[in-house]
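Chain lettering (A, B and C) follows the sequence in which the chains are written, and residue indices restart at 1 in each chain.
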């Protein structure tokens, strides 16, 4: 098992075993094999969204849309109160003889719409960033040079060493059978190194 | 990939109806990555320095004029009574409308799964953001007392006064700022994975750090991609709605007033059509030279895509033409002396040449795109696209100012002559726009690599469907 | 509050924006007060008078009263407040004093509003029999003259600054020499303002120095006089209340500056179609205010006025068989001009039909022969004594400028004191006055400004403004009015009375001189009488006796016979009294310079007015240069095509094109004086007009489009129309019915609801309201360049419409229409302001919160009447020639100009929108007074003290009515109930609080083109 090329510091605990595939099909196939072998802590890295991968991995549906809905609803409430309270309670004044209350609601709509869309959009992006585990400046996977340099060139797969029934041998065998290249044992890096 | 190639050759009958490929010469994903990144990573070409010097100079002159205007008074412009608004609001509407096409192309065409827009969308979004920046300059500075602009924001103050929420100008404040926010978010979020690619490929520490920070530590895990995709759909949806909303609100600046020539319910549609019209013209104006300057993009920005943009331009140009006719019809049909007078004077008054230029260009130029020969001759398209924007500028002026010049009481009719400050400020915004765009093509991927690669033939798994 | 940034003196030219000077040290100041005439300001070479110095002046003056120094020039020692009790002034409260503004054609009785000792506003004196509380434009603007930093400030002798003492010595010396030689070689030139004290002193002088040459003349005045025709000192006056048919030949009798303030009283009342309307025929060469009101107007060259009158006279004589008139008419050797016989017949028949109820008027400047014809007509029609009376006792005409010139020519003048006028500028060139003046050994000029004459006289003495000096003057009807100082002379001015008194050896002291005159003139010389004279501003019952005039037929015949008609030649040039600068005396007054001409709407310029036909013939457009040549002299000036102008005749206003006096007057118009000759004061026949190939001159006009384009903006009809359909005006709305609001709208039915009504039928477009508004509301002046750019700031403007149902010059009509903020209940401007800077008050006012305005200018765009004005630059704080310099421009307003501002109205800064608010400061003042009066009782129930808006107050014809429309009894409610009332642009549904009353004309069906009279809203379409 020491024939596996390794990266990071050998004196640090093993983080995961990584492998590289050329096509999304190979990646998915390998993933299925590992799953059948009972591995759960497996993650896939692709240069672009690969259709079906998420389904294969049985990832839950994204909650993002609910976040956006929430953001939008808050925005509506905020925008309406921001306009109705001053013009009716704090600073009521005759302008153009228009009603300021609900009778004059149409004049408040544009700002409500604008704010709703804005806050909705902010919620969407913020949500994506947080749910996606971002922002972070480093990641153990980046200790793996091949991955760090060429993430855009191939389809990568990593089996976490923290997986319940993790065995370095078995993992590398399965990966080799699945036709993976550059199977590497990824260790954590020295805390003090650079 | 070769497999998919053979597939196509086996079924020639399909090739007739087959959509033209998004990337020519069967380029692969690796090639796409290199091609796009090479613009950012390669050596800065000379023309780039030349370009940014010129545009920067114009921008500087414009900013100087704005400073002078602020310390001296709005009077340094040619604006007067009755033309209290002239080039300032004309340019505001011109730019903010141009912005719309960017969002339209990327958001609406994305939602409608128009793959041809993939290679265009990023540049279009950039154009949107920069155009909004240019537009945002004017509402901020055109007012008499810039230092009190905070009166526009609903913040508690010691006067105990609040803004007037029924004013279209206040709607503008919110519409434009939210439009700027959302479109920048849309643009930026779309770039995150590509920035990550640049981070990975970065050779110097500084680049690595900058792109690293910018890409927020994107890894491309399946989970990230899942959230990312749903975010993109949501954003696209919101942006699509926003485009229409913002145009409508800006149009209401005119439509809610009582001035003949402004006071018309068709204005939202009028502005929308004009917006996408001038915007797609700008996209062509930007992409055709870009493609020429970076040969590697020739396979990515394909003639067929540009032709589609040209068709979009033709369609919107025809909508605009329709509104011109409709406006005149309404004026006549209204039987209202003031309405009729306004449009009569528009073409007879002292500022008639603005309207005449506008109509001559906007009624003829886009119609040329009915002919495939013209539409596909890129240099010609480039020139015509510029013409279209000139025409649009004149249209904005025609709407905003010539309507003001001839309103109800002939006694207060007037004329307008731009001052040098007007002109330099206007060219200044153009300078700002191109400066920003040059920086954009130099420092971020000009097109969305991940979307392109995902759309390549054979990029997606063949049997993914079988699972569950 | 007020910041003063010191900056280097600008010696290049005098500017309106000078920094504060150091204060004079107190000792010298005390000493100066101790002297006869305060020297406080003259000691310093400052253009502006600092407010601190001013307050010190007043304060010290008060303080010193007790010490017993002669504070004789201190107003507060002698004045009695008009409206308030005789208590000492309350800071911030206005005090009102009665006074009068002397004018050559008759003084204007005024009430001066003073704030903390500063006169800030002029208003008419309603108590005066001749006044309805109104003023003319010049009176309104005279406040600025008082505070003008360009006023001459020090006595100079051969352009060396000398002291007051030196002047006293000079006068003493003159008196001594005159005493020795009986006034041989002493000549005094004064204006035609009638001042009893000056007359008294004149008499005294004449008695002491029999050989004294006393000259009284004006730049624009009648060449002859009525002394021969109507008897010595008699002047015709017309009772317009009795006159049904009026024929005016070149007589702009509605223009107070022309005919005298109050001359046209009663005319407006007779224009009300609900009563018996008079009918006005006008024959004139250019559109005048009177011509604009005409029911029938004929374009006649000035040199053919006589022919026209002769023709009418002949027609009348032919019908009535009046032989005297016949001979009179036939005696007139005219130019042989022919007129539309139908016209002549129509007028003649109408005049005959209205025997004893008509009036024929000839322009006051026209030659005696023409006057004789007019009077002959009146005599024959029995109008003399009926509608036309004669005011006796006018001063008999003294020697004229020509006589003076002759004496100077003969070397008979050693000493010349010019106490009025500016002869070097205004004297007809053929008199060669400047050179003659140079030959006089001792010359003195007393004037407000160092003008052309001051430059060449040996002595130049700053005159005291009428608001800072004692005097008395006669109004048109002869009533003696008090002229009281409101303030110490800002720059040490001296009044002519003082000089004359010194010369006559009297106590040199304004008040006592005036008091002496008063005592001599009135039966009751008690202090009480004197005080009521001052309090009311006039002495009741001192008006001239009026008598039925008897026309001296022989004299009339003689005048007509002897009159030699110059052939009019190809062109004639008519010299007009400018509606902005009069004869040039107001050239330095920027308020007036920026007030548009009645007809051309031209500001900061005059122009050669050319009829459209002539313009076509000569081949010129607006602004093209013309050279007018006559008598070997020529004038180059830009032309302006003026509808309704007589053909083969050009008109040009006098008093422009002055050079090297002050930079306010630089590059302003063209000097027409060189064209005049002593024999052709009013117009000059035989003028050569040629076109110059210079590039066109750009005029600054406040209104460039004069055609209503078929829109019913100003509405008019005829008496018949009015009789069959009184509501004809509002019916013109037609299908453009008022729009309904889909929203519930405020009812505005509680409390005070302000509204205003303008009667187009009596409005003559005389600009008085413009000036009143400018003065009341601190409206800034922007200068010619800015007006060219369309940035004038006037809150109320007078749109002047030309309308002609058949697009022909013959039937052209002029309709002035005053437009100010319409105070819409549903105001389009309010909805669009993002900052809530313009909002509505519960009293229905469209308020403007200047310090909330950020200047988006959207409100002005959305104003259908375009009555909002934007401060494109810092017009108040920066020199008008440095507007574009930004922060590099000099900052700050001359302190003396600051003193002229109304303290109750904000002075707006740049970047702020402004507009009419119905003089809200006056509204609030009245409401405060009411709350005080209420004394805790129900304020709502307490009646509001009477007050007027500035424009309403100034309007001579009372066309503007303001008040609460919620009070059904109020004048404004009654006006709005009038059937002629209509709302402009009513279809917009903005519910304006300003409404207009349509104009009604009274055509004579027998006249040619009668069907086209009052048809402004017919026939013409865009």
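Note that a contact is a pair of C-beta atoms (placed from the backbone, for glycine too) under 8 Å apart; a residue touches a chain by one contact, two chains touch by 3 or more.
Note that this is a predicted model, so its numbers are computed, not measured.
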Query = Where are there more C-beta contacts: A-C or A-B?
reply = A-B
Message = Among the chains here, which has the CA centroid at the largest distance from subunit C's centroid?
response = A
Key: Centre-of-Cα separation between subunit C and subunit B, whole angstrom   = 59
Ask   = Between subunit A and subunit C, what is the gap in Å from one C-alpha centre to the other?
value = 82
Key: Separation of subunit A from subunit B, taking each centre as the mean of its C-alpha atoms, in whole Å   = 30
Key: Residues of subunit A touching at least two other chains   = 91, 95-96, 98, 104
Note = Each of the following residues of subunit C touches two or more other chains, namely 828, 830-831, 833, 836, 839
Ask   = What parts of subunit B, by residue number, touch at least two of the other chains?
value = 161-162, 164, 166, 168, 170
Key: Residue numbers on subunit B that touch subunit C, as the complex places them   = 68, 71-76, 78-85, 142-145, 148-149, 151-152, 159, 161-164, 166-170, 173, 253, 256-259, 335-338, 340-341, 344, 404, 407-415
Ask   = Once bound in the complex, which stretches of subunit C touch subunit B?
value = 703-711, 713, 735-736, 786, 789-792, 797, 799-801, 819, 828, 830-837, 839, 852-858, 860-862, 864-866, 869-874, 883-887, 909-913, 985, 987-988, 990, 1022
Contact footprint of subunit A on subunit B as seen in their complex = 29-30, 33, 154, 160-162, 164-166, 168, 170-171, 174-175, 177-179, 181-182, 185-186, 188-189, 193, 196-197, 200-201, 212-213, 216-231, 234-235, 238-239, 241-242, 245-246, 248-249, 252, 449-451, 453-454, 459-465, 467-468
Inquiry  = Please output the residues of subunit A touching subunit C within their complex, sorted ascending.
reply    = 91, 93-99, 103-104
Remark   = Counting only contacts in the complex, subunit A reaches subunit B at residues 23-25, 28, 43-57, 59, 62, 64-65, 68, 82-83, 86-87, 90-91, 95-96, 98, 104, 107-108, 110-111, 113-115, 117-118, 120-122, 124-125, 127-129, 131-139, 141, 148-153
